[in-house]
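Alright, structures below, take your time with them.
There are two complexes below, and they share subunit A, which is joined by subunit B in the first and by subunit C in the second.
On to the complex of A and B.
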């Protein structure tokens, strides 16, 4: 409880800090909107030419993309600065977290928020509403709950993957290169249904770097896209997110211990 | 208050690979060299003392401070800060210490200073009365009235360091670690800082361990100094005995009425001659200024004299070179 309260206090200061740069706020959100519009029109062109991608029509793809944007928006607002860890360790600024009586993780996570995530989230809401109307989705309460849980899980999966990646710099000092490869990879694949990339790729993004659970499997479940009925493991996004968070916590804790051994 | 016994800290420095995929290969590399940053250091700091911790860059000062504040884990030996082992009991230790690294700020960069302080009040769970009392006392003492509503990024270095020191003392720590607090700070701010530290020490009995390259800080604040070099303890004792021991060479400047030829004086050395002035240096145990003057006055007309005591900087230089 105390940690949640304290996190709230950190966020308050983070928001105050961001409010100092008002012009930046609007330019940031506007540029994210433009970026997403370009992305969506690229998918549009693709589908316009091929009509469908596998068994995914244009509004299915819109749903998939919006699903990702919703989760990415949430992830972005709260956790975008995970990649700052490298810089904090190199500069030694991480030390400040260790001389205060609070969890270093809480202090690091509460250090900042990013408003570019707000732009992603807005695109997600808009895209979802359009897709839901076009696909004539008639969801019961259960589906709505599952949808919300999966959006949050998707945010947490992205957070955990980046958390694990960022924590590697406790060992390597530099982790930016590896992290941006993963980021590029996520950006590339979340826009398309994973099954169009082939079987091996699908196994990879399901078992090894389980980013297909961010938006692909929840969309498969909610749009009923699985051939021959939905399998139970396709429901597992929330579980995957918890497992990844657990791994993240483990890597982080070991990393912080290692930091105490080596300094910067 | 602080007890350091046979403290050691070794760093494994990985051998950096070069060429293709160096970052990836470094990840799996187990090659490293060992650097001993702190090598068997023991010292104690008593309650309410201000101790100057001095040494060249890379001597191991910061590493020691980091072990005392719980950031780094000692490789061997033991450290206790008021009975608490800083690394194993990091949280308990963090509550009783204040730390300032002069070269980086621990404050929130983009928000008004007062917001940083409010957040620190939450982190340290400072009760309202203590918080208000400390703010009301420290802000005027440090002259922070004008900047309390300013974001840290707009502050001058002097203001920033003062704000950082104030931040480190809000929770009434028993011990204050200052790592080069006056580095790069202008003379006026430096004076503020020195007065402030000595005032807080007197008023609250705060124990202070201070690393610095500024000998003014040492002379103004510290009754005791600990000198380390290459991870070894070189000297631990009061400032006066250090001067006695390593500042044995004094100088005497004599200004004559007219220019005179160079000459020799027993137990002293003529080191410099300029116009009507001559400088003699001598060991404090071999002769006195009076003896030298006695010799000179009988032979030449003397206009003025000055005895020059060695400055701390010179003493420390002697100390480093004497090993």
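On to the complex of A and C.
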């Protein structure tokens, strides 16, 4: 309980800190909007010419992309600074967290809030509304609930993957390079349906680096894209996110212990 | 004549020092290579999936299209704006040491050019070439005819120069605005869209295609890659090279003018 209150206080400070730079805020949001417009138009031009991309039509792809943007927006606002961990460890700033009477994780996560995520989220909302109207989605309450849960678990999957990646630098002191590869991989992945990349790729993003659960499988379920009916494991995004979070917590705890133990 | 051979020697020295600079960052080198392979693999699949639905929509056979796309990915290692001189210029402006660069007994633009070319030559040898060789064996990049290959090489040299001029002008802007991170960001987005790097310009709808053909950005990816896959052959190839040549002259003149203007302003401010 105290932790939640503390996290709230940290975020309040972070927001106040950011509020000093208003121009940065608007330029940041604008550039996110431009980037998304370019990405979407390129996909749009492709599908306009070719009609479909592996049985996904233009509005299906819009749905897929917006789904990712919604979860990425949430992830971005609260956890974008996970990749700062390397710099904090190299510079020794992380040590301050170890001596204060609050969990180092809470202090690290609460240190910043990032507004570019807001831009992503807006694109997500807009794209989703457009796609939902064009696809004439008629969802019952159950599907809405599943949708919201999956957006949240998508955000958590991205958070957990980056959390695990960032924690590696407790052992290696360098993690930024590996994280940026994974980040680029996720960016590439989420714009296209995973099934077009061949069987091995699909196994990789399902079992080993389960980023297909961020937006691909939820979209398969919600748009009914599975050939021969949806299998039960395609519903599992929330479970995957919890498992990944658990692994993340484990890696982080061991990392912090190791870091504090060796006297760095 | 003497002046010429001297600037050549100076150029070679900058090239050498840039080579040393870049060979320090080994991790980012491997990272770049892995990323490039990943991208080449996936663009191939995207085009295969698109062709499976509609084989005739792009107007060129699938192997050519895949080669075009793979080329767009491989060339990013030298043509991406992050490899331009603008960030160096911006850093120097912020540190207040830009006069040191301007006052050197070499023309500032030529200095930046050789410095930039040094970096690009290293990146070409160690990133682009290995990627292309790998692409030939793994990602179905096809070899072009001899004449297309020659045209491609010439055209790529032009793209590098054009991309340098555009980046250099952004760098000059940083002397006025102090910060070009956001402008560069916007430039990058426009370039990605109108250069035909990801999606070839010829499948763009109406107005966008016309706009893309007017803007200089297609000189950077679209023309060399189109020559490579044989889309521009014979007279078309010469025409495309002519377009690139024209843009080089236009951009050279405008960057000289801009440099004069900006320098005049910087000198008045007292640097």
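Note that the second predicted complex is superposed on the first by the 261 of 264 C-alpha atoms of A that agree within 3 Å, B and C clash if a C-alpha of one lies under 4 Å from a C-alpha of the other, contacts with A are read in each partner's own complex, and residues count from 1 in each chain.
Throughout what follows, a residue touches a chain if its C-beta (ideal position, glycine included) is under 8 Å from a C-beta of that chain, and two chains touch if they have at least 3 such contacts.
Nothing here was measured: the structure is a model prediction, and the numbers come from that model.
When the two complexes are overlaid on their common chain A, residue A:163 makes contact with neither subunit B nor subunit C.
In the superposed model, A:204 lies in contact with neither subunit B nor subunit C. When both complexes are overlaid on chain A, the residue A:27 reaches subunit C alone and has no touch with subunit B. In the superposition on chain A, contact of A:174 is made with both subunit B and subunit C. Contacts of A:93 after superposition on the shared chain: subunit B is touched, whereas subunit C is not. Using the contact criterion defined above for the overlaid structures, shared-chain residue A:63 touches neither subunit B nor subunit C, since it reaches no partner.
Within the superposed three-chain model, A:185 lies in touch with subunit C and out of touch with subunit B [touch as defined at top]. According to the touch criterion, the shared surface of subunit A, contacted by subunit B in one complex and subunit C in the other, consists of residues 174, 177.
On subunit C, the positions that touch subunit A within their shared complex are 27-28, 31, 34-35, 38-39, 41-42, 45-46, 48-54, 57-58, 182, 185-186, 189, 192-193, 198-199, 203-205, 208. Note for the complex: subunit B touches subunit A at residues 11-12, 23, 26-27, 63, 66, 69-73, 87, 90-92, 94-95, 97, 99, 101, 104, 106, 108-111, 115-116, 118-119, 122-124, 151. Against subunit B, the residues of subunit A that register as touching in their complex are 5-6, 9-10, 13, 16-18, 20-21, 91-93, 95-96, 98-102, 168, 171-172, 174, 177-178, 260-263. Subunit A makes touch with subunit C in their complex at residues 27, 31, 34-35, 38, 41-42, 45-46, 48-54, 174, 177, 180-181, 184-185, 188, 192, 196-198, 201.
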